[in-house]
Amino acid sequence: MQPVATTFFFYFLSAVTVISGIAVITRRNPVHSALALIVALLGQAGLYLMLYAPFVAGVQIILYAGGIMVLFLFVIMLVNIERAQKEEQFNKQWIVGIVAALALGVLFVLVYMKGKGLFPQTVAQLPEGENTQGIAMLLYRDYMFAFEIASLLLLVAIIGAVVMAKKRI
Amino acid sequence: MSASATPLAVEYVRILPELVLSIFGMAVMVLDPLIDERRNQRTLGNIALLGSLAAIIATLYQSQYPGPGFWNMVNVDAFSVFFHFLVTTVTAIVILTSYDYMEVQQIRAGEYYGLILFGAVGMCLMSSAVELVLIFIALEISSISTYILAGFRRRAAISSEASLKYFLLGSFATAFFLYGVALMFGATGSTSISVISQVLRSGQIPVLAYAGIALMFVGLGFKVAAAPFHIWTPDVYEGAPSPVVGFMSTAPKAAVFAVLLRIMFEANAPGRLWLIWVTAALSMTLGNIGALVQDNVKRLLAYSSIAHAGYLLVAFAALPSGGIPAAMFYTASYAAMNVGAFAVVSHFASAGERYVTLEDYSGLGRRSPLLAATLTIFLLSLIGIPITGGFFAKFYVFSAALQANLVGLVIIGVLNSAIGAYYYLRIIVMMYMREPREEAPVPAAPIGLRAALTLTVFATIYLGILPGGVLEYASRSAAELMRQ
Amino acid sequence: MVPLSYYLVLSGILFACGVLGFLIKRNIITIFMSIELMLNGVNLSFVAFAAQWHALSGQVFVFFVMVVAAAESAVGLAIIIAVYRTRQTLNVDQINLLKL
Amino acid sequence: MNGPGLNSIILALVTFIPLAGALLLLFVPQRERDIRVFSLVISLLAFVLSLHLPVHLQRAQGGFQYEVNIPWIPTPNIHYHMGVDGISSWLVVLTTFLTPLCVLISWKSIRERVKEFFILLLILETALIGVFVSLDLFLFYFFWEATLIPMALLIGMYGHGRRVYAAVKFFLYTMIASMFMLAAILWLYAKTGSFDFVTIQNAVRGGGVEGFATAAPWLFLGFFVAFAVKVPLFPLHTWLPDAHVEAPTAGSVLLAGVLLKMGTYGMLRFNLGLFPEQSRANAGWISVLALIGIIYGALVALVQPNMKKLIAYSSISHLGFVVLGIFSFTQTGLDGATFVMLAHGVSTGALFMLAGILYERRHTYEISEFGGLATPMPRYAALFLFIVLSSIGLPLLNGFVGEFLVLSGTFRTSALYGVLGATGVIWSACYLLWMYQRVFFGKVTHEINEVLPDLDLRERITLWPTAAAALVMGVAPLLWLNAIDPAVQSTLAPLTQMASKVVGR
Amino acid sequence: MPQNYVPIFIFVALIGVLIPVTLLAAKLVRPDNPNKTKLMPYECGIDPVDHARGRYTVRFYIVAILFVVFDVETIFLFPWAVKFKALGVFGLIEILIFLVILIVGYIWIWKKGALEWV
């Protein structure tokens, strides 16, 4: 059975992601850009689902949208944004920004044109039944050392955050 | 290496230094709130020092069991043992210098030592990891710990500003590095360097690999402060506490260069010559010109570290047989002289890092002759005067480049090191040939600093007089690296 | 079915958006958000390549990238608060004590 | 290697005794008298030992003697290779001869930081001797750089007025020029695989070095620029007057007496030794530069109000003679050049000592400040006249022998250069005698000059050896020329064959 | 697009429709004539001295960080829970090490006093 209208979902989700991505940059109020970012993250989670990566989509929603964006909103609340809004939004180097974005765009278009023949046209079916199980076996077997070191990374993050945030330690 | 479920006992030995460092780091961290106020600094410092010495011993012990570990994530060979030894010794020296820096600046924090040890774990791991995932996480650990360490002088506004700038540009660079890894993964289908090098050596190199390498180089270029991405270095080196700058300018730079060596040479990265040629020439010239106009010693040393990153990159442009040992020798000798120089700077700066400008250094030859003499030795080594390690480092790099007949690059390098002599000389002139501005004698060097300085001076002079041994070891590890 | 290269183009656009935001925005938190946007672009291309090579290792890598991004944002926002406490502003151009 | 025992270790002894002395000085207690006596003893010991070199030198044997060759660093295969031939043995003796005199001359003039002064002086002596004895290109470059730091510090810490400017200028001029020499040495090492002068010379002569023909002009220039700055040749000489005026007396004596000879020695040994056909090709414009140096130096010296600057410009013009002699590629020319090197070292060293003595009394070098000094200081005036005559080139004194040989050599290659060079002798007579007349003859112009004390015992002891050396070198030059002649013969050998090939005679 | 996600999409679509409709409907229906006094925030009679959005203290932020870090920790547990039988004892040791390291972090925070709600 051929899935009903996947291309529609792809265009819908990528449109959502790209528009909210641009909104993140252009909005004056940091809260608005934070919300736009959350929408972009959710759109991206949908794209992961389309690429047969349900576990990663789940983690994206829980961790990114749920964790990091909460942190962002907390910090935005902490910093009074009235003064921030009155200040001029774009600093002077917007020419540099445009040039850099164009350069990157040209690079990606070049890569895309050259690499066209490289990729199979359609995305092969992948049994996403045991996706998480597959990742689990990989994560706790082949990448075991990276997993242990990640705990150390979290420890450093805790220390760093508390040391910098508290007034007097 | 076991295909079975659990790794063999010998594989735990292959990550022994990292284990020792993290255990000691955690011990220091947990003990900090438990011990009472006053004695806390000294005891934590001692524990941290003990940890780094234990790590050095662990490295030596580990060097007898070369081979891959943990499903080919980590590979211990002469190359990684060299960098392990370098990083752990630099950590030990930095801990020695920051004993008294802490008391003088009244920064009361046990986490300082914990973060240095955790940073050292990240850097050691970077040199022995052969899997891009592990390299990425190790890079992150070392960067995050250096971001926090950079902002440790909490009362000074420029310190938190320095850590902010370092953080923003650092994570920007990590994103580029990641995008490079993604494209490399797309081109070769795996993230382990040995598989990548097989794919790249075998068939026609996919076009994605070129873009991947370029982006990875951009990302790592930020971390190593090579030219087009060096804007953050002067500000961060000025704002951060001096021992941290000594740590930041040598250990992570050496580890990132180890990763670059593996990626560029072991993975036989395609089309790398013009990329490195441009970056090396740019960073040498910008570093030197920038340093000419500085009057703050820390900013001056920041620009000089950009210039030295340029000299190091010259070794990358050379052939692997000559280039790798030259680069390894350069990181070792640069680490010795730079840590020493910043140790002396941290002592002269005294409370609140007041005396940092060139004028404050006038007449130092008279006020504290011993420290001024050691700083002169480090500066002479940075210039590249024969009996010091700096000379042989530049010598090997330039002769390696000459063998790959990159004559243009060598000429730029030679000219730059000539210009470089001028701004190092200004400090020596200030110290010896100017009258001291205020007569207050500089406090005598405490035990910790004295030990650190003797170590670094010995290393600089040893590399200057008998460099044969170290270079021999480096070329053996280079041969090993290239055989895979 | 949607060809894989479309995903790559999308991730390229997201990455370019992030870079643009990083360079032109003035408020530090928005700069930090554009870095998160860049990381998302990278994750998308990783998952796309993982699907193409049928290798789950790509998805594990994405998982680690997210973990690191979380740790980094925790630390980054702590630094932003430390800067805010000393300087009362989050405007990048005014934080210029460390000029040449 | 001629004979075991003393001969094999004599070079190591002579080079490193001053260094050992300097290190021992660190532990000598701070009393100034002991420091001065100790350094005097050390430098005299080095002098006595260095006398052994020319005495036991086998005249017949052309090559390097007392050779020591120990591998030092395996990887870029650097050897601790030292050896001496006729020319460099006498230059070593010149260095060890001048250093005790420097110690004596700065007995009273150096007041504070005495220990550092003598440590720097002894380290400088080691570096200078090292330059003349080392046969391994790397070792040569190492000592060449090592002379920079003590000399710069001496000028910078103990000089007068604008000493920092002069020290920095001195350091940078030499440092940047020697970078080119380093590049040339690197190239040679990259192609021949060794640093040893002898092996490189054979490889070059054998023609085995690939790509040598194309790179030779650049390599020649690389070496030549570094030596030209040291000589100093005309366009690159601006650092010398500043360095001399600001340097302390002992510093100027060593600077003029020995450091300048490092440049000419380098040209003789490396430029001629490694690139015979290049030196012949470039001989034209180099001789022109030397001639300009002679005449320009003399003319500028004529108008100098400051005595020390006058002597500095005189040494520029005398060194012009040396370069002229070297690039005349004739046996007599090269003999003369080496002899002028030795003679100039003795007489200009003495001139700077005399100026220093005057500075100790009146703390100024301005000639206008002095007038009619002959009446209060007769002995000083007599000695001053003797040295002036020797540096002008009065027959029976050392100046004449050297200049005569150089001019006769230059005449043989091209008469025009010979004539122009000869005018240099006249010019030197003019400015030195005119200066002497203004300072010593006539009645005493300033009243405080009347009461100036004459030479005391210590000053006499420092000056008499130089006067005696000047006389002996003038009367019996063969003592020196017998050693110099065979060495010059071996350096000239490739040039003469090449010349015969070219000219066919 | 695998079919078994269709229910999720229907759910999302429903939310997307329901919330804006309810808000819009209320807005259209209620009377709306604002004047200055009505818009002032009600502070039981005392006139307000500062704008509504007062500054949060840092304590909230520290709790937020710890939430994120331990959130990541639970996500690491999630795949382990799915396959812990296949991973066996070795998997258990792995997770224990992971948890011990983070508990060390927790003890440090606790002793540091970051959790006090002073």
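Letters A, B, C, D and E mark the chains in the order given here, with residues in each chain numbered from 1 onward.
Heads up, the rule we're going with is that a residue touches a chain if its C-beta (ideal position, glycine included) is under 8 Å from a C-beta of that chain, and two chains touch if they have at least 3 such contacts.
Predicted model only: the values in this text are computed from it and were never measured.
Enquirer: Quick check on the contact network: minimum steps from chain D to chain E?
Expert: Graph distance in the chain contact network comes out at 2.
Enquirer: State which chains count as neighbours of chain A and simultaneously of chain C.
Expert: Joint contacts, listed by label: B, E.
Enquirer: Spell out the chains that contact chain B while also contacting chain C.
Expert: Looking at chain C and chain B together, the chains touching each of them are A, E.
Enquirer: Please indicate which chain is farthest from chain C, where distance is taken between mean Cα coordinates of the chains.
Expert: Most remote chain from chain C, centroid-wise, comes out as D.
Enquirer: Higher C-beta contact count, B-E or A-B?
Expert: Between the two chain pairs, A-B has more contacting C-beta pairs.
Enquirer: Of the chains shown, whose Cα centre falls closest to the middle of all protein Cα atoms?
Expert: Chain nearest the centroid of all protein C-alpha atoms: B.
Enquirer: Based on mean C-alpha positions, I'd like to know which chain lies farthest from chain E.
Expert: So the chain farthest away from chain E turns out to be D.
Enquirer: In whole angstrom, how far does the Cα centroid of chain B sit from the Cα centroid of chain D?
Expert: Comparing mean C-alpha positions, chain D is 44 Å from chain B.
Enquirer: Using mean CA coordinates as chain centres, what's the chain A-chain D distance in Å?
Expert: 72
Enquirer: So, what's the distance in Å between the C-alpha centres of chain E and chain C?
Expert: Roughly 21 Å separates the two chain centres.
Enquirer: Rounded to the nearest whole Å, what is the centre-to-centre distance of chain C and chain D, using the mean of the C-alpha atoms as each centre?
Expert: Those two chain centres are 66 Å apart.
Enquirer: For chain A, write out the residues touching at least two other chains, lowest number first.
Expert: Within chain A, residues 6, 50, 52, 55, 59, 63, 67-68, 71, 74-75, 78, 111, 115, 135, 139, 141-144, 146, 150, 152-165, 167, 169 contact more than one other chain.
Enquirer: Which chain B residues reach two or more other chains?
Expert: 5, 26, 29, 133, 137, 140, 144, 147-148, 151, 160, 163, 183
Enquirer: Give the residues of chain C touching no fewer than two other chains, as numbers and ranges.
Expert: Expected reply: 8, 15, 18, 22, 32, 48, 50, 52, 57, 60, 64, 67-68, 70-75, 77-82.
Enquirer: Throw together a list of every chain pair that touches.
Expert: The set of touching chain pairs is A-B, A-C, A-E, B-C, B-D, B-E, C-E.
Enquirer: Taking the touch rule as given, give the residues of chain B at its contact with chain C in the complex, in rising order.
Expert: 132-133, 136-137, 140, 144, 147-148, 151, 154, 157-158, 160-165, 167-168, 171-172, 174-175, 178-179, 181-183, 185-186, 189-191, 234-235, 238-239, 293
Enquirer: Under the touch definition given earlier, write down the residues of chain E that touch chain C in their complex.
Expert: Per the touch definition, chain E meets chain C at residues 58, 61, 65, 68-69, 71-72, 75-76.
Enquirer: Sort out for me which residues of chain B touch chain E in the complex.
Expert: Where chain B meets chain E, its residues are 5-6, 26, 29-30, 32-34.
Enquirer: Within their complex, state which residues of chain B touch chain D.
Expert: That would be residues 380, 385-387, 395-396, 398-399, 402-403, 410-411, 414-415, 417-418, 421-422, 425, 429, 432-434, 466-468, 471-472, 475 of chain B.
Enquirer: Along chain C, where are the residues that touch chain A in the complex?
Expert: Touching chain A from chain C are residues 1-10, 12-27, 29-30, 32-34, 36-37, 40, 43-44, 47-48, 50-52, 54, 56-57, 59-60, 62-64, 66-75, 77-82, 84-85, 89-93.
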